[in-house]
Each structure stands twice: as structure tokens, then as C-alpha cells.
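So that you can tell them apart, the chains are marked A, B, C, D and E in the order they are listed, and the count of residues begins at 1 in each.
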Amino acid sequence: MFYREAGQYNTTYEQDLQAFPIKQDKIGIAIWLVLAYLFVPFFGIPGLEYGFAMNAIMIPVLIFTITTIGLNILVGFTGQISLGTGAFMGVGAYACYKLTSYFPDTNIIILILASGFVSAIVGALFGLPSLRIKGFYLVVATLAAQFFLEWCFIRVGWLYNYNPSGAIEVPQREVLGWIVTGASAEPMTRYLVVLSILVFLAIIAGNLTRGRIGRSWMMIRDMDIAAELIGVRPLTAKLSAFAVSSYFIGVSGALMVFMWLGAAEVESFDVNHSFLYLFMVILGGLGSITGSFMGAAFIWTFPIILKELGKSWFGINATVMENVSLVAIGVMIVVILIAEPHGMARLWQIVKQKLRIWPFPH
Amino acid sequence: MTDFLYSIFVGPFADMIALPDFLMQVLWEGFVAGVLYALIALGFVLIFKASGVFNFAQGIMVVFSGLTLVGLYELGVPAFMALIITLGVMYVLAFSVERFVLRKLVNQPDIILFMATIGLTNILIGLGQWIFGGETKTMITEQLWLPTGSSVWEPNGGLVIFQHIDIAATVIAVLMIVGLGFFFSYTKVGRALRAVADDHQASLSVGISLNQIWVIVWFAAGIVALVTGIMWGARSDVSFSLQIIALKALPVLVLGGFTSIPGAIVGGLIIGIGEKIFEIYWGPLFGSGVEGWFAYVIALIFLLFRPQGLFGDKIIERV
Amino acid sequence: MSTAETFITPDGRTIGAVMMEMKNITLRFGGVVAIQDISFDIREGEIRAIIGPNGAGKSSMLNVINGFYHPQEGEVWFRGAKRPSMKPYQIAKQGIARTFQNIALFKGMTTVENVMTGRQLMMKKSFLWQMLRVGPAMTEEVEHRRRCEEIIDFLEIQHIRKEPVGSLPYGLQKRVELARALAMEPKLLLLDEPMAGMNVEEKEDMSRFILDVNDQYGTTIALIEHDMSVVMDLADRVVCLDYGKMLADGTPSEVQKNQAVIDAYLGVEH
Amino acid sequence: MLKKLIVGVLGAALVTGASYETAKAEDTLYVPSLSYRTGPFAGAGVQIANGFADYFAMLNARDGGIGGAKIIMEECETAYNAQKGVECYEATKGKGALVYNPYSTGITLQLIPKAPVDEIPILSMGYGLSAAAKGETFPWTFTYPASYWSQMSSILKYIDANGGVKGKKIGFIYLDVGYGKEPIPLLEALGPKMGFEVAYFPVGVKEMQAQSAQWLNVRKERPDWMVMWGFGAMNASAIKEAAKIRYPMDKFIGNWWAAADVDLRPVGESGKGYIGANFSGIGTDFPAVQDMIKHVVDAGNSKADPADVGGVLYNRGMFNAVIVAEAIAAAQNATGKKSITGADMRVGLETFDLSAARLGELGLAGFTAPIKGDCADHEGAGSVFMQQWNGSSWDQISDPIAPMTDEVGPLLTDAAAQYVSDKPEWKTQSCN
Amino acid sequence: MLDNGQKDETLLQVSNIEVIYNHVILVLKGVSLSVPKGGITALLGGNGAGKSTTLKAISNLLLSERGDVTKGTIEYRGKKVAGLSPAELVRRGVIQVMEGRHCFGHLTVEENLLTGAYTRKISRAALKESLELVYEYFPRLRERRKSLAGYTSGGEQQMVAIGRALMSTPETVLLDEPSMGLAPQLVEEIFTIVKDLNEKEGVSFLLAEQNTNVALRFAHYGYILESGRVVMDGPAADLRENPDVKEFYLGMSDEGRKSFRDVRSYRRRKRWLS
């Protein structure tokens, strides 16, 4: 009824190759964009205090969406599991920190986008073993990256400018007269910057995954041997996946520190965070960009909602709810893997299917 | 430059020779750590062999079992009663995992099962903290009749200290490995376990129930986890931070191969001793703290040359 | 067997010069010998069948041809030159495509995406263009999409174009796999049991496709097949393997009459 | 299923929104508590949070709040995680938060730049950034009663008084994060001056409970004294390992986060002789603590295990609450308002004066050395005393030891200058 | 030996079953057959015809391969098989010897045999006795009892697989492709043993086999499967004489059959017409 594609025909391949060939989807995306750009910056989330809505929900969710898209490129699209996400975010963050101290006058957004290249290189480097090893063995290799990098963040003083606190602290920077980083930056400014970078990167991710390169990743994922026999160079495919994935993750790491946390030490990049991002990918949906949005939003907001629910409805204290949300997320991971390995993105598709034929059951 | 080469290639060895008793101590500490790594790896191997599941939750199972034991004791349950109840809890865990996770995920790609065990890890962390609290707990060493105290050996005026609990841990680990070996080699169920490890379909065809076997191996891994939890807890208390140390079992597995029990033991000892030696004698060159990644990096390098591990079978890919 | 540049089969078909020659190939896995000292050739434009019981080393042979396995001994000659040790993707570049015994489609993708993977080697536009997906990248994508749609049309699988291949029936999956191989525009097409598990009607369809490919595109085909009637009808020449050893090589009728083949494979009363 | 979920989410959003409204009622003082009762440092976090909460509950019950205004204390769970810390900060700051006690160096570092913008002061009581003691550079941050550097200097003074520090080798074992590394610059500056040598033994967060390598190194280096900057599960493990290598316990000093009952109880008898620095009194003998037991613990309004009341960290949590309460009172005096703001609170903290007499009035005579802060001094020249573990509890073994202000002061000034060096917009204040 | 006229008790009755893999792929499209007590019944057909699937449907091993019997019933001794675990079926006397010699490679030959008795709760002596019986039929296995099954030859592995099944004292053995990949003499040897077991021990066999020739020489009754359907059945002797069987399965005579080459034009035309 509401979601029918009847009467919509694509007459050229160009039309068929669009990101959202169906009209309703186009409208849906437009609505989301309008909400994101015109409503949220001014009104936040209705019912929530503005600063809280921005700083505790919207900004982190957008940043983690970039992380999740990045990790999804690796795990969901290329089938290479990584537990080093936290550390690769750290690479982006530390790289950006160093760049800001070397180029204090350069536009900070350019520096953030540039810092992704550093983590892309590091990511590709640690992706090298994937050419010889796969599956669980690769998990161990990425853990090696995680722990080695964590060690570097602590031990290599140069990375944090020999700061006595051992942490990186975000300097204040302006772009076109707007303060975008530092504590004085308005939440709205930071939100819009993060949102724009996310939109930009999401489009790139969508384009890449639908084209030749994305296909080579998926070929490796679905059947690496067949892929090789058809002519995919595992070296190029895997390393490009690692590099692109790490680029996204690195940018998100830089954003996390510069646009959100304001200061960070190694704890913000530890292995527990790597798990968290993996959960976002799994729950959202392996191999789905849309799912990455859902997964990041869900995993980040779920404990917050649960905490509030527990407190205001049942009078349960935050500690218990913290544990409840750990258990609940664990259970959801297992349930999702059993019921629908493609996660919330697939559930959403099913809902759309249902809408397409609504109100008829079949 | 020569100084640098010296500090890498000569200095550490000179140190070793200069203080032989200290070297002994380092080796012993490494050995004990290795035994504990091997025990965690053993739990992994049991499950991997029988069900092909790469059980990421083995580490948290160690913490969870130790925590349950101590938690029950703190609630006033007598020590050995608590031990028995903890065994029961580990059985319930094994049963639930088989019933609600493995059975539903039969024939899914390995990677899905692996991620499910990460989910399981989250559940166990949450439950453990919820029920027993997040505080560090002291292992009830004496109440379980485990030895405390230490013995000293003084070769030529040197000093090597052996903690009794470490000796006990080694003995118990050896007993357990021998016991498991016996169980696997000479009992009907043990034979069935090995059969399942070799070939699921064929095991089914001769009437071995996979579900039953999975419960048994997860329970066996649970027992191994409990023993590890007790021993590690006795050395350095029970807290959730142990879970991260337990991840060290992964490089151990890489070295030993995922399916080999002797591999787990040898791998554990190599990593345990290797990282201590490296940390003590070469660590200062890197600014120390290299223990955190040494095992993983060794495993990574090793993987590049021998992906199937020391004892694993060579993998032949087919299309 | 004639070594002349071309020769005429009993069916009256003209077969070209030697395209690929396997010389004394031996392949071992650990202690197990999969292929032992086998030599045969494949000529331009022919349909070459490899038969033999299960475990005879047929699939291993295909894997040697497309470079997935590297034989311990022996040489592979391709178009008059000895082929050096190559990676599978390099061999794919030379124009060798294949299908697999246990369907090796990319299960997470749709039919059309699977077919598009066959064009992978021909798509050249750089990473940057891919990222933007406009201009040359889009033109390229559309161009190759058009070629793929032709193949989809040729193999009559238009109706499942946007279906994820994982949920397709067996017979259709086999066809999609063939489409993917064809999309590579191969010079030599290797088919590993293309008709296993099909009923007569499906086999007829598949036979037709194989013959059409051979005919229209002039593609050389090497196929493994169990159904002797199919082999006898389609193949120009047949090589029969047994337990890694060569039993016979010749025209279908020659092979069919060979006593060793009958004993080991076709089976006849003792 | 999906419908239920949507309804649930919307409901939660509404409720969340609603709960912000309630906090802004008349004449209340809103004090958020960023606690961690879960996560790797829950053991310490629980005790601190309980002491902090119980003192305010006692004030509400006994005195009806402070200056006639009720205190609303709200806990927010951070699990010692910087990301959750931001979430908690954002969730509470809009409710009129007076002061933040982050209890994590990581979160403190994140909040320091935010404080002047949001005009809510930070009280990092004996943790966080040492340089924040400089009130001129950090108008919004307070480290009463002492910074880490002051503490380290007091410890050095203690060592000096017990056998001299000159020519000695001091082993410094520390948690390898920002917190543990804080005193290193001070040690490096004072070492040459005072003639001692330092050997460093970092302990990674992951290896907190597997320290045998570090202690083997201790055995190799043979330091005369060991000083520990540890936290959580690290402490007990370190003391156990020290006992294993038979390091003399009375030469092993833990800082004030490494000298609690929770740290030593697992060690028990073998930790006998271990020395810890502290600035908050131990035991339940103080009238104020008795009041807490009477009004809160016995009334069943405390989350604390009665056995933990009077413990080191419980009392420290309480002391934190005392400082907050005293600063609120000072702010009320200064502004004449019952209900104050964060900016008022800052004034209260800058005029903070906890004299011996005032301590007596509070029922905390002898609990700690007097602390007096001002515009320039945000650490209050707090002294620490030493306590020793007797196998089952702590005994105070020294009088309060004042820090080496002359030595530490210039270093703090330098560090503060370095902090703002790449922050051109940083707002400082002038104290003359 | 079963005489042709003699109608024995039916052990296994498969009625019109349909099997679907992964919820989509239809493999069996209505297969019916019955296995009499004391007989050797052969299930013939090419690769992928559905022979193995039929056997797995009977022994309930399908579930572990995501296959599902969606229609029809399978009854053993009058009781429905659906819902019984493979272990339960073994206890009731139905055991499958899987295609491709699924031996436990890391177990010795003797251990392999012992796993066959997993479902039996018996004394050591009885176990020993069963082992002896197997060794009697397969003297080669006695020689190799201590070696790892993975290191034995293909023929020996097939013997291990059959011997292992015997250890469960089965009433019916479902034997899948015993000749696969074996040299002709070995095939002969194994079939002879099967026949012996059938005659002396009274074990009934349901035999899936591609090698029609050998199978029909040893079996009493045969079913021919093509694309998931039974296309022909009858006593083995009759089938051997059947001209179609001769042509398609025994590879003899080639007359009167439409060639796959001619299919092109014919199918094309059909497509245009329809």
C-alpha cells in the first residue's frame, strides 16, 4: 500500500544502478536528510534536553556509525573478522593529534580526513597476514594489532607530545570563523561537521560496495577460492578492504576525540571497545550500510534507554541496569545470529516487504 | 650501533649467566604462567575439536567459575559445597549453551558461531557482575586445602623461590591433563568425543548423539575453566580483568594448533616462558611492558610461516 | 592421435591446433598421489571430456589446469609456450574460466551481481572513480552490465536476475555459475560436472547451452561428466582417468570400447 | 514485536525527558556522582560511591540538607569508561549540577576544558591532573586536599625521615595509564636534586593481575624502597608478588589509591607492614561517621555493607562529600542564596577553608590536616599521613606530612603553562 | 538367498517422500521403496539422483545437513522414523555406512570399530566377541587393528566403515556407495563380504550404488532413481535384462536413443512454440 513499486520501471541500466531505485526509498532518504540537517540541529531530540541529545546521543551515534560502516566493510563485506577496531580508531585519533600540532593553521576537517590515511596504512599493514591466514587465525592477528598499538599509545611519548598526563587533549580550532573543536565548540557545529562527514563517507561506502571493488570484497567473503579463480587478486582485494575499512575507522577515531570526547587516553581505544563495534556490525547487519546506522544507534542508545527505564519505571539503580544491558546485548547478539544473521537491516527489509503488500497478508 | 647490537645479542645472555639463580626464577615463573595459559587453551581445544566452535568465552568462563565459587563461599556456603555447586553451575551453563546456542546454530558458518560466543562472553560478564558484584575477590585457597607459603632453594648462595600454590597448580594441571588423556583414550565416551572431533556425520551415523557430546565437552571445558580459575585466583585473585589475560590463550592456540592437546601444552609453555624471558632480558630495550603484545606478535609471525600451528594438520583447500 | 594442426572428428567437426598440453603431470597431497604421470592435450574449439570414477583425480586435473594446484612434476603448455608457475588470477587473465562441482557461487550476492563478477578482470576504472561512481566508472559499469544481461538472456535466467543466488534451486544455480564463467569471455571453459543432479530435461537444456557456447563463441570446453550418454554425445574427445592414472584417451567410441575403461568404470559382466 | 519496541523506545524517550524536569525544583542542591560500581575498578568504586552518597543522605536526614536546601545526589554509572563518562556528564549537567567528581583521571581530563564553558567546577579530590592545582591557570578545577605531585613529595619526605633518600634507589611501580604516569615528571625532577635513583616498573591495565615479570625485575634491580601508584585489582596482586619475592613490606609504600582495605584484605597476613599514604581518617570513631551509621546505615538507606563503613575508601568518599558540602555552605554564605549555581560553587571552592576547628564542628576532629584553598591554590597544601597494615587493619603511623611546596610549586607552574601552551583560547584568572 | 517368489516380512517402508534442502532445493520428489527382511536391496542411479539423500532420510542424518523430509512417511517395522534421533535408530537396528568411507582418521582401526558399539550397553566380553566376529569377516582389519584409520588404504577404510556398523549388531544396514573410488578387485571383495553377511548373519542391506553392474549382480531387488524419482524397479535379475537399463546404466548398445547433440534444434523449437 505505502511501499509499492508497481508502476515504477527502470528503463536504463543507469537508473537500475542507482543507490535507491525505488521512489519510496528516495523519499525516505530525503526525509531522513531533512530531519538530520534541518530539524535535529535546532531542536535536538524531542523530549530530551538539547545538550544531552547532541553530546550523549546524536554525535556519538553518528561517529560510531562511521566506525561501524568501516568495520562492516571488513567483516560484513569482505568476511575478515577484526578485533582491532579500537586500536585503529586510536591510530586515527593520535594521527590527527600529531597533525594538528604540526599544522596548527590547517583546516581541522581536512586534518581529520587526512588522519584516516594514516590508519589506512597501518590497517593495511596489519591486514597483510590476512593473505596467508583466515578465520580465527586472523582474529589473533588483529588482536596482535590491538595490543601492540595500545602499547605504542602508552609507550611512544612522541604520539602525545610527551604530555605528562599521557593523554591527547584537543586544541581549539576554527573553520571559517566557527569553533569546531575544543570545549567551546557548540554541539550544533560539531554535530553538523560529523553529520556531513558521515554522509560523505556513507555515500563513498555505498558507491564502493556496489561497484567493482565492492564485488571483489564480497567475492572474497563468499568464496575466496572461487574469487581467486575468477581473477580477483587476493592481495589487492583484501588489502584494499583493510585500508578502506581502516580509513573509515581512523576518521571516526579522530572524530571521536576531536568532536566528542575532547581528550582521550589509551583506555578509549581498548579491546572492549573493539567488541562493542563488532556488536554494532552484527546487530545492525553484516554487509549492510543501512544496518550500520541501525546497529550503531541501537547499541549506543540501548543501555542509555535501559538505564532510564530501570530508574524511572522500576526504580532499579544504574549498576544493575548496566549489567542487565550487558546481558541483554549478549542475548540479542545470540538471538540475532540464530534468527537472522543479517541483523536489523534484514528485519527492516522484511518490514518493507510486508508494507509493500499491506494490507494483504501475501 | 655496536652498543645497540650488544644490548640485543650479548647483553641479555651475559645477564643470564651472571645471575643463574635469577634466570632459574624467571624460567620457573614463565613455566607456571605457561601452565595456566595451557589450561585455558586446553578448554578451547576441547570445544574446538568436538564442535568446531572457536569458543571465545573460555576466558570469561574461567573468571565466571572462579567468581561463582568464591561468591558462594562469601554467601556462607561451605567451601567444598560451593565447589560442587559451581560444578553444577558449569553443567547448567554447558547444557544451556548446547540447548539454546549450538543446537540452533548447527551448520552455520564458523564465524557466526564464533561471534555467538562473543555474545556469550557479554552475557557471562553481565551475569557475573550482577550476581556477585564487580569487586576483586580473594580465592578461598586454604579452605580448599590448597597449599600456601613457599620453599626456597639456594644453589651456590643464590635464591630461587617456589610458591607452593604454583607447584600445586603444576601438579594439578599435570593430573588433569593425564586424566583427560586417559578419559579420551580409554573410555567409551572419550572415544566418542574423538570420533566426533574427526567426523560429525560419521559419528551421527554410528549413533553418537552430538548434542550429548557437546554438553559433555562444554562441561569438560567448564571444569577445566574452574580449575584454571581456582589456580589463577589463588595466584592473583579473581576479577574480571583476568578475562583479558585469558585472551593470551589465543596465541598459545595459534602456536599449538587448534585441535591438539599436546599443542596447547607446548604452546602454553613456549608463550609463558618466552614472554617472561623476553620481558625481563629484552624488555628494557623497548621500554618494557612488552608482555602485553609479545605473545600475539610471536603468534602473528609464526602464522605467516606455519599457519596450521606446531601440531596441526596441514590444511588442503578444495574446490 | 593425429598431431596435425587440425583434424576432423568422426562427427565431421573440425578441431583446431593444440591449445593446452599437459605433460607428465604428477600431483601429490602429502603422501597421497592424486594424479600420476598424466599427459593429454586440449585443442582449440573442441569439447573435451574427462571421465572416470569418483576420486579418479578429475577435479584435481581441472585445478591443475587453472592453476589452483601446482603439480610436483610435469609441465603445462598453453598455446605453444610452457606456462610458468602462476597464480590463479593470472591464469584467469589468460582466458581460462571454470564452473565447480559443488557450486561455488557467491551466495551473498544476487544473480546479476554474480554474473558481473565474471567481468571483474575487464573493469579497469580506478579506485577514485569507483568511489564517486559517476562518469567513466558509471559508463563502465553500465557497459559491462549490458554484456552480462546478454549472457543472462542467453542462458534464460532473466527472471531470477535480482534473486540472491543462495535461495535458487540447484539447476538454476548451475546455470548462473555457467553465466558467470561465460561473462569472463573465456577461451577455455572448464566445466566440473555441469549436469550432476539434473533430470533429463535440465540436462538437455544444459547440453544445448554448452553446444551453443562452443558453437557461437568458439569457446574450447573441457568438461567432467558422469553421465556417459552426455559425454558420448557432446564430446569430441574423451580422456578417462582412474585413481590418478590414465586409462584411455580418444574419441568417445574408442574410449567406450577400451577394455580397461569398461573394467574400471563402465562396468560389464565378468 | 517491532511495534512494542517502538512504543518502548518512545516511552523511554518521554520518561527520560520528564526526569529532567523534576530536578529543577526549588531550593535543592544537585550533586551528580559519577560512580563506577561495575567495570575493572568496581571494587574501589563501590566503596567511594557509598561513602559519598551516605554523607549527603546523612546531611539530609540530620540537618535537612545544607543551609536549608535539600541535596539531591544522583549517581551515574561510568564503569570507569571515558565514553560513558561523557554520557553521564551530559545527562546530569543540565539538571543544575554544582560540581563534578569524576573519579577517573581519563574523565577528569575530558571535563577540564568543559568546566569553564559550562561553568561547573570539577573537584578531582586527590587525582586527575596535578597541574590543575594552579588556580590561576585552572580556575574551574580543584584538587583538594593535594595533587599527586604533592603526595609524592610527602612520601619522599617520609622516606627521607626513615633512613634517608640520598643515594637510594626507589622503585616506582605504576599502572601504565595517565594516572600512574602522573608523578614521573616530579620524580625525574627531584631525583637528581635529592640524590636518589628511580627504577620504573609499569604495569599494563591488562597485566594488572599478572605482575610476576615486573616483580622479577624488582628483584633484579633491588630498589631500597618501592612506591606504588596502583589501582583496583593491581594493588593486591602487587603486594602479593612483593611478598612472594620477599620484598620487605615496610619499605613498600602505596599512594592513597593503593592503600585501602579492599586492596589489603585479599593479601591478609602476608601484607603485614605495608605502608600506605592517606589523607582521610580511618575507622568509625568520628562523630560524623557515627551520625552516618545512625541516620543512614542503620536506617537501611545505605548501599554499603556495614562492615565497610569506616574503611579507607568509604571514609574518603565521605570526605569528598564533606568538601563538597563545605564548599556549598561557603558558596551559600558568599552569595546569600540557598540554591546556588555552578559558578557560585566555584566561589565556594575558592574560599574553602577546612580548619581544625571546623573539622571539630563537623565531628571530624583529627580526620585530616587542615586544608585551605584560595584563588591561586587549588590543592590546599594538603598533608598526607602514613598508615601501616597490621595484617587485618590499618594503623596510622605518622603525623600528617606536609608536601614540599617549594619543590612542587614551580613544577606545577611549568606543567600548567605547558597545558595551556597549545590552547590559545584558554581562560585563566588573575589572583591579585 | 531370497527366492523370488518368497514374500518376506517388510522391514522398511518408504512411502512417497519428498526432501528439501535449505528450505528451497527439492532433491527427492516422491520416492517409495520397501526393504524386505534378509534381502539386499539396491538403489541405483547416477550422481545426484538422490540415492544418498534417500538413505539419509531413512537414517535421519538429513537434519544435520539442513535437509528436511517434507512429505511422505518412512516406517521401520511399522513405526514411523520421523522424530527419532540417529542414535535411537541405531538402537533399533538401522545403521548407515556413509558414502566416501567416513572413518575416524585419528582413531585406530580397533577404536573405530569400538565406536560402532557406542549405543550398546554391553560387557567387555560381549564387546570382544563382536570385535572377533568383525575380524572374522575382515581378516585384513585384524592385521591393521593398531594403525590409525587415516593411514589405511581406501579398501580397508571401507571395511572399517562396514565393520563399524556391524558392531552395533544391526538388523538393516544402509550402505552408501561402497564401491566409490575402489579398485575393481576390492569392490568385488567387499561385495562378497556383504553377501556373506547377508546370508550368514541375516543382515538386511539397502545399498545405494552407482556401479549398477556390480550392484545388480549381488542384490536381490533394485530400484532405479533418476532426478529424485524412482523410474523403475524390479528383481535384480529382471533389471539386468531390461534393455533400458542395459542402455543407460550398463553402457551397452546405443541404438534408438536421441542424442544430446540433437537436442538443440529440438529444444529451440519447443521454446519458440511454447
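Assorted remarks:
The rule is short, and it goes like this: a contact is a pair of C-beta atoms (placed from the backbone, for glycine too) under 8 Å apart; a residue touches a chain by one contact, two chains touch by 3 or more.
Keep in mind that what you see is a predicted model, and the values were worked out from it rather than measured.
Here the chain-to-chain distance from chain C to chain D, counted in touching steps, is 2. On a Cα centroid basis, the chain most remote from chain B in this structure is C. With centres defined by CA atoms alone, the chain at the far end from chain E is D. For the pair chain A and chain D, the distance between C-alpha centroids works out to 35 Å. Per-chain CA centroids place chain B at a distance of 44 Å from chain E.
Our note on geometry: chain A versus chain E, Cα centroid distance of 53 Å, whole angstroms. The multi-chain contact residues of chain B, meaning those touching 2 or more other chains, are 129, 244, 289, 292, 319. Looking at chain D, residues 37-38, 176, 202, 204-206 sit in touch with two or more other chains.
With touch defined as above, residues shared between interfaces to two or more other chains in chain A number as follows: 147, 151, 154, 225-226, 229, 322-323.
Of all residues in chain B, those touching chain D in their complex are 19, 22, 25-26, 29, 32-33, 129, 133-138, 150, 161, 163, 232, 235-237, 239-242, 244-245, 275-276, 279-280, 283, 288-289, 291-292. The touching residues of chain B, counted against chain E in their complex, run 106-107, 188, 191-192, 194-195, 197-210.
Touching chain B in their complex are the following residues of chain D: 37-40, 42-43, 45-46, 176, 200-202, 204-213, 216-217, 219-220, 232-233, 236-237, 240, 244-246, 262, 265-266, 268.
Those residues of chain E whose C-beta lies close enough to touch chain C in the complex are 22, 24-27, 46-49, 154, 177, 180-181, 183-184, 210-214, 217, 226-228, 248, 250-252, 254, 257, 259-261, 263-264, 267-268. Those residues of chain C that touch chain A in the complex are listed here as 66, 68, 87-89, 92-93, 97-98, 100, 104-109, 113, 116-118, 120-121, 123, 125, 127, 130-133, 137-138, 141-142, 145-146, 149, 180, 184.
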